[in-house]
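Below are two complexes that have subunit A in common, paired first with subunit B and then with subunit C.
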Partner chain A sequence: MPSPLLLERPGRWSQGAAAVLLLLVALPAAPLLWSALSSLGELGSSDSGVFVGRAFAVALLNSAVVALLVAALSLLLGLPAGVCLALYNFPGRRVLFALLVFPLLVPSFLWAIGWSSLSAHVGPAISGVSGCVIAFTSPAVALSLLASYAATQALTASQVDSARIAGGERTVIAQACRHAAIPTLLAASLAGVLTLQDPGPGQILGLKTAASEILTSFSALFDFALAGRQCAALTLLVLVITVPLACFSAPRIAHQILARQTGKPRPHTHRGVASLAALGIGLMVLISVFLPLLGLTLPTLRAPEFLRAWQRALERALEEVARTGTDTLVYAAGAAVISVTLSLLLVLSVGRDPRLRIAVVAACFILFSLPSALSALGILQIAAEAPAWADPLLRSPIAVCGALGLRFFPVATLLSLRAWGSTSSSWTMAAAVHGVSAGKYVWKVILPVLLPSLVVSALLVSLLATADVGTVLLLHPPGRSSLPLAIFTVMANARESLVATLCLLYAAIAVGLLIAAETVLRRKAT
Partner chain B sequence: MTSDGFELKSVTKKYGETTALDGVSFTASRRESTAILGPSGCGKSTVLRLLAGLEVPTNGRILLDDKVVSETGRVVTPPHRRGVSLVFQDLALWPNLSILDNVVLGLSGLRLSKKEAETRARKTLTLCSIESLADRKPGGVSGGQEQRAALARALAPEPAFLLLDEPFSGLDLVTKKKLLEDIANLSSERKITTVLVTHDPQEARTLCGRAIVLRDGRLEELGSWSDLLESPRSDILRLFREHLGT
Partner chain C sequence: MRTRGNLIAGVPALLPALLACFLTGCSGSGRDGAVVVYTSVDDVFARPIARRFTEDTGIEVRLVPDTEETKSTGLLNRLIAEKNRPVADVFWSGDPVRAAVLKRKGILAPHHPQQAKDLPKHFSDPDGYWTGFSARARVLIYNRTLVPQAEEPKSVMDLLDSRFQGKACIANPLFGTTSMHAAALFAVLGEEKARAFFERFAANEGKVLSSNGEVRRRVAAGEFAVGITDTDDANVARLDGKPIGVVFPDVGGIGTLIIPNCVVMIAGGPNADAARHFIDYLLRPETEKALAECDAAQIPVRRGVPTPTSMIPLEKLDPMEVDYDALAPILEELSEGYLKKWVDRNR
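For the complex of A and B:
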């Protein structure tokens, strides 16, 4: 009968289990990277233009510029917004918070379509680098805002009060910003890095980006080897940025991720600061959420017979939702189950070992920042070389679920690590003293305690997986597209009103799921 | 000479570079309850966890009724086979389970049937005067009631040793006094030997006939209360004697 103390006394087994799980997640990328590196030798040239194509080198530069600008903007906007949302109370605070986070849960190309449509109907042209920066800023700000908010919430109520006594609201904000700066910088950098692998906005707003070049090499030029090399080059760039960042910040994040028993700062009502915060955040919501959403509705609103046009578009959109709904759900649920299960196993292996926890946080950061096409193309390569009997696994929805599950496994792991931090080691010791077996203890105590967090984790992963167009585009079996992919593929040829309605429907479904997650969190809190 | 109860022989416990216990030897007999006293960080809780089998000694041996239960680098007898129960400082009640289910799950080591376990759990809850709270979760009851729930879970398996790790910290004086009396009565009724870790000599004297004083991981003095208070060597007992004198 294994003792529950196994969970509290990490040894070689836990290091081994953690290493195996992390390797499993990185495994699909390995064959692609290997073949890309071997082909470098075959090409016999150090010229990057020959290795990845000259157009890709330009696209990579474009992507890097966009990533840098997006990271800077999201840090500038997300840091103060997160601090103010965590520290001050004002009317509509929760709604504004939810609205600012919302862009993270829908595909970025939706915002690009919104901005593109808005500029086509009413405003100056939004395209190229500036257009991509604008489109990417909404989800990027959401990510840095979440980091800044969570870091500020990690301050204790007494720390905030002592800053207030020492120097008033200015000192409170300055101290909180200082405290939240590093996690927000990390989140902003991650947001920037994530733009490198997202082909959507670039394709819509007419900018050649590295991610769209990879898709073109694979889907239009049918040059798998070139796509692989381009993907490897992009991965190299990503690693150059993320490895030092992960090494620098993982110890701090691993510490901050632990739940604390201290009183959290309660939002303070200060008329001056709260009004200013409400105004600033309201403006951010207006620009980053409402304007692109208005852009999505304009094609229908401006149609000659608005109601009839709306009705037609809605009927057609609902047909599309019905056609793709099941597969979208299968991909989302499969990804959620895989990532949450793997993350739970990893967290149980890591236990409370601080060094393993830091290693896992660093690994999660690096894995999450890797291009999603890397794993997808890796699975395609494995499928191409595997015997026919492996097709039901490698050329089926299971492959899509697996790739998406592994892609978002780091997100589930970070949430599970935090949830595990809220459990007490003395529960395990009590179980050991009373002769409760490890299995029974996990089943009767640990799983029920972690359940709300696992549910939230699963919901979040399913939303993120649904929003990931690149992986599904590369791996989906014929005729088994997801809703966002359907939007992505029809947007060039379909009526503007249909694309807009599909986007709005998708946004509405995402809002529904967000409300469900919020309900679960509230239940957990009570 | 044979001993009945726990015996620590030159036990050292290190956490990384930090030495929590340094070559400590003493006996905790079945015949008399023992208090382990000392300032914060002196290694009191470590002793209790070593006795329970929750920690592995870095060096030395621990014997129970002359049988080695832990030795350098390994636990020979697992915690649930030592006949001990432990009331933790933070009580360690499983928060998702009702108080009854906490006690029932605490009986897992005895391999009783579900019905037997529930009957015994209810009986123990009655003994601890919290039968009406059986279906409540630990978070939904008062601090004193939580202490009683933790005590019920510890008593239900009918242990030979009840190990108490500062279980009264955070309780008001009235609740603490009542609980101390109840534990003393239950221990003598059920012939349970108590080992109490505390930094409060008053608590220790109410519940235990002898005391051990630790300082910086070393044994400072040990003996019966009358001997210790006659010529105390440790600061804690000197101050306590002065306090009694006033």
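For the complex of A and C:
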């Protein structure tokens, strides 16, 4: 009967287990990268165009420019917004906060469709690099804002009060921004990196991007080696950005996600600063959320015979939701179960080992940054070469859930690591003294404590997995599409009003699920 | 803690439900009587037909559409890759050339449906490997606010005119009906003139967009003055109230390219009986009527199927004379040769 102390002083097995789990996450990419590497010798040319295709080289450059601009914009907007939301109280603060974070919960191509539709109806053309930057900025700002908000919340009330006494509100804001700058920079960089793997906005707004080029050239040639080389090129670009960032920030994050008992700063009511913050954040919400949503309503509002058009579009949209709803939920739930289970195992392996914790945080950051097509195409390649008996695993929803679960496992791990930090080693000691087995201790004590965080992880992974179109596009079995993929498939050919109504329905469902989840969690907590 | 404990206890109860969902999914690709249909016809137009088939016959249709950017070519390559262990039973193609390519590669099984007897012979394969029905046409669309009606383009060659410098667009010619159009131009004009067309298009700063849908959208938005797309895309723009004009090009010249739908049976597909049922159903006059009356506005090719008044019937068009079967090798060669390089240079 293993003792619970195993979790506190885990020994070498924990490093081994952590390594195995992290390798498991990276494993689906292996065959594709192997194809890429083994094909290099056959090419025999130093021209990069031969290795990845000239069109891809141009697309990679476009993607890099977009990623850089998006990261810069999200840092510029997200940092002060997060700091102000954490430090100041003003009417509608919670609503504005929720609205600014909302873009993270729906696929980025929905925002691109909104902007495209808005420009088609009322404004100048929004396309190309500028269009993609605009479309990607909404979710990117949300990510930076969350990081900035969380970092500011990590300040103690006494630190904020001291700054206020020393130099007034200007000093408070300056010091808070300084404190939150590194995590926000990290989040902004991650947001930039995530744009590199997203094919949606580029396809809608007429910009060749690396992610869409991988999908397109793979479809054109069904060449795993070329797709592998393209993914490898994109991965190299991503690693150049993320490895230094991960090395630099992992110790800090590993430290910051530890729970501590300090008085959090309470939002301050300062009429001047609060008004300015409310105005600025309100303007951000208007531009990043309401304008694209307005764009999604215009096709129906301005359609000939508005009411009939709206009714027809809604009927068709509801049919699509009914058709794809079950599979969307299966993929979301499957991904959540897989990622949360793996993250829990990893967290139990890591325990309280500070060095291992830093290594895992760095690995999670890097793994999350890798192109999603890498794993999806890897699984597709394995499925193509595997015998028929493997089909129920590799050509079924299990493959989709697995790929999505592994993709978002780093997110669940970071949240679980933080929750594990809130447990006390004295509980383990007490359990060991009373002769409780490790299994019973985990089941009866640790899991109930971690449960709220695991539920939040599961919800977040579900939403992120639902929004991922590329993986589902490559791996879904016949007739088992998800709702975002259905929108992605019809967006180029269907009537504008149908596409817009589908997007609005998706947004409404995401908001509804979030409100329901928050209500349930709040009730359970009380 | 008690509530959390109850929640924990509820987790194992969820697992069988999830397992059931997975297992239901596992049956998705096997021999279970459902028919797996790959289709390069736009999802919004193909799905209602598939749904009606299920309602009428009780046979489930698992439709696999492709995205606009990888139109036809994506599914074609997937079918070739799956040749030894097919997943699809039927390929409902938006054009006959892909079907001809598949025939050349030995991926199709012949089928001689009774329903095809009154369909025009030149839209089908004489050996029964592919059967054509409802058609689309390649058309020029122009933005009416940018191009007065008197100056509307009449021929695809007008895209090379200096008045459209930097204002003309086409979809990526490696995909979809644009690739078939390119192959047809090579067949009709000859290699030299066709190559000159593409080179002059690029020299005139014409743009290559990702899809016909994007051509429609960006011409309608006024970002481009003129482009080439299909009649279904043009019709959707018209229904959306966009300021576009539609021209059937090259009347009296090389003619307008007519592109019939095409349905084929995959050799060794897991559900051959259901596949035959689906093909027979698809080739009924009712399908042509439905495709003509929906937003796709596809032109019926069978005599006796009424053409809606908003459409031009097939007899009144001046069709480009092409042998669809002969376009297959041209398309294959172009996709891996000249056109691939041209796209790499100009996209």
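Methods note: the second predicted complex is superposed on the first by the 515 of 526 C-alpha atoms of A that agree within 3 Å, B and C clash if a C-alpha of one lies under 4 Å from a C-alpha of the other, contacts with A are read in each partner's own complex, and residues count from 1 in each chain.
Following the convention adopted for this analysis, contacts are C-beta pairs under 8 Å (C-beta built on N, C-alpha and C of every residue); 3 or more make two chains touch, one makes a residue touch a chain.
All values derive from a computational prediction rather than experimental measurement.
When the two complexes are overlaid on their common chain A, residue A:427 makes contact with subunit B while staying clear of subunit C. When the shared chain is aligned, subunit C comes close enough to touch A:397, but subunit B does not.
Applying the stated contact rule after C-alpha superposition, one finds that A:219 touches subunit C and leaves subunit B untouched.
For subunit A, the partner touching the most residues, choosing from subunit B and subunit C, is C. In the superposition on chain A, A:3 contacts subunit B only, with no contact to subunit C.
Applying the stated contact rule after C-alpha superposition, one finds that A:448 touches each of subunit B and subunit C. Comparing the two complexes, residues 444, 448-449 of subunit A contact subunit B in one case and subunit C in the other. Interface of subunit C with subunit A (complex): residues 1, 3-5, 7-8, 18, 21-22, 25-26, 28-30, 34, 36, 42-45, 60-70, 73-74, 77-78, 80-81, 85, 87-88, 172, 174-175, 209-214, 217-218, 220-223, 232-233, 236, 239-241, 295, 335, 343-345, 347. Remark: subunit B residues 49, 52-54, 78-81, 84-86, 88-90, 92-97, 105-110, 153, 157 touch subunit A in the complex. On subunit A, the positions that touch subunit C within their shared complex are 49, 53-55, 58, 116, 119-120, 125, 127, 203, 206, 208, 212, 215-216, 219-222, 299, 302-304, 326-327, 330, 333-334, 337, 384, 388, 391-392, 395-398, 401, 443-444, 447-449, 451-452, 473, 477-480, 486, 488-498, 524. On subunit A, the positions that touch subunit B within their shared complex are 3, 5, 424, 426-427, 429-437, 440, 444-445, 448-449.
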